[in-house]
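Accompanying notes for the structure given below.
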Amino acid sequence: MKRSLALAMLLALSLAPSARAANEADYKTAYAAAEAASKEAAGMRNQWTVTVSALAAAKKAADGGDFDRAVAAAKEAEALAKASIFQATSEKEAWKAMEIR
Amino acid sequence: MASSIRVRATSNGDITEVQALIQHPMDTGLVKDSKGELIPAHFIQELKFECNGKDVFVANWGTAVSKDPYVKFSFKGAKKGDELKISWTDNKGGSDTTTAKIA
Amino acid sequence: MKPRSALLLGSLSAALVAFALTSPRVVAADKVDPIADAKAFQNFFFQKFPNVTHEDFVNGPYSMNEDMKRQWQEKEEFPPYEFALDAGKEVFSTPFKNGKTYADCFPNGGIGIRQNYPYFDTKEGKVVTLELALNRCREANGEAPYSYVKDEMASLTAYMAYTSRGKPMDIKIPDDPRALAAFENGKRYFYTRRGQMNFSCASCHVQSPGERIRAETLAPALGILNAMPIYRSEWSGMGTTSRRFVTCNSQTRAVPLEPQSDEYRDVEYFLSYVANGLPISGPGARP
Amino acid sequence: MTTTTGTHPTRRLILQGAASVALLGLGNLPFGAVPARAAANDKYPEEAFKQKSEADAIKALYGKTAEPSDKVKLDAPEIAENGGVVPISVTTTLDKVTSIAFFVAENPFALAASYKIPDGTIPAVANRLKMAKTTKLTAIVEADGKLYSATKEVKVTVGGCGG
């Protein structure tokens, strides 16, 4: 579990800018995916603050017409949200390992 | 409105020990609020303690004194029941005064 | 963005390794047994800190560090919560517009009862905290509720805690499956990792009390709520139990829940119950 | 401001029971009154509080320099639990004290507080100060027209300038 969480975070880091400049449609797709994942995380009562800020950063960049940055931020938000979903899922049982008994 | 000044003055033979706590923001003028705007400096400059018509302690403060400032000192020559007068003024012209009986 | 994230990843894996090494032994979960849980919880801290007297745990980080304790004792000569205490007493004794007072809402007129909160309300089937009871009292008397995190709520609970100082925490779990479920849910919340830092409440307050995390000395979980509400120098002001939970969540980069959400009520129930027998020390002063 | 030095020896005897020091005080008795004591003046020392460095602040407050003295006892924590509220106190066995001041070298403005100690007041003060970061802390006691200092290093991990 620990390794896969780290992997999920690595994923967030490996988003090098692509050769082709991103356009608004790319952004909309990326943002929709990020938003869906973040809603799922919130539904599990496990939203991360960094997901919220990455989403906001994506929106801000898109509003400013910088779609490369907007897509990158949206993808980062999605990766973060997925990591938080993964965390919430695995913690359903994993928390017991921490318990004082 | 309750006084901004809390005082405890206790007599122990010839020596009176005084502790005071004052409600004041003591803003440095270097800190920004949540909107990113500088909070103007607002701090007590002078705090004076008088007993039996005589200054027994005078503090001159800058912005480096903590919020809700505290001070402790002792003086001689007063007895139980004597009145201590405490007053402060700040850099915006604000002030407060109170009196406390030495216990 | 990248270097910062990478840095975080590094510290995260270091933390994970540390946890892997120090995790308590895993025992198969079975039925909910709060009495055994409380005993194990207290024993864990008593054994981990054999030099700390049992009552001293309610003084949080000050029970862990002599230099800090001295600074605290110095401050306690004229504590920074003094103004909140006075304000709380005044608010508490000022009647509502309908002439009734807070005293009418509480057993024993609200004096010396802090140690009995939170309690499990068998009618509602939920945990009721002191903060919640205070706002319900206001609303029942036609007054608008207060913010749960600071100001009047902190002043009121400061005063009520002050009148209860020294009384042993005395939380009851009634014979009701929902009460047991609330306790268990609170326990789960306490041990569940969340936020990008992948920390649970226990990561800091069970594994590392007395140690420094960034700039703060961590308080032991045992008795941590006995000191509520607290004046935190970091906040330059007072904060309630709700505020403490909210800031803890934010620090692990988890979006905090609503104050007085079910999870927070349950974790308060759990943490208070396992501190049964330790004295109320609130209001407290903390760095 | 004039000082009636005549009461000093008696006060010292009662306070510290240190007869030898009291005798020393007696030796100064006829010439005890010293003029020019900036910090003991009635006016708020606006200029001194505006100085950034400790040296400039001391100069502006007193117009002279201080010498270290083991008769000045400065009490401060080694590690401040929070830079916003650091309990600091000073006591001294020096005689004819007219003022006590605190300087926090690394703060934006070094002078933190200056206290006038009128005749009959014990030369000891406790207060709480803000510290922006790990810093040298200096207490200066003005006694019989001279300046005596004590310093201490205070580690600050949470700065006191964040409000």
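Letters A, B, C and D mark the chains as written, and numbering starts fresh at 1 in each.
Here is the rule we go by: contacts are C-beta pairs under 8 Å (C-beta built on N, C-alpha and C of every residue); 3 or more make two chains touch, one makes a residue touch a chain.
What you are looking at is a predicted structure, and each value in this text was computed from that prediction instead of being measured.
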Which of B-C and A-C has more C-beta pairs touching across its chains: A-C
Computed distance of Cα centres, chain C from chain A, in Å: 31
Chain A and chain B: spacing of chain centres that average the CA atoms, whole Å: 52
Whole-Å gap between the CA centroids of chain B and chain D: 18
Chain C residues counted as touching two or more neighbouring chains: 75, 80, 236
Of all residues in chain A, the ones touching two or more other chains: none
Multi-partner residues of chain D (at least 2 other chains): 84-86, 89, 126, 128, 163
Chains grouped in pairs wherever the two touch, ordered by label: A-C, B-C, B-D, C-D
Complex contact set, residues of chain B against chain C: 2, 6, 8, 19-21, 23, 67-68, 70, 72
Chain D - residues contacting chain B, complex: 11, 14, 44-45, 49, 84-86, 89, 104, 107-109, 111-118, 120-122, 124-131, 160-163
Contact set on chain D toward chain C in their complex: 77-82, 84-87, 89, 126, 128, 157-158, 163
In the complex, chain C residues that touch chain B: 75, 77-78, 80, 82-83, 86-87, 90, 236
Touch list for chain B against partner chain D, complex: 14-15, 26-28, 30-31, 39, 45-46, 54-67, 69-77
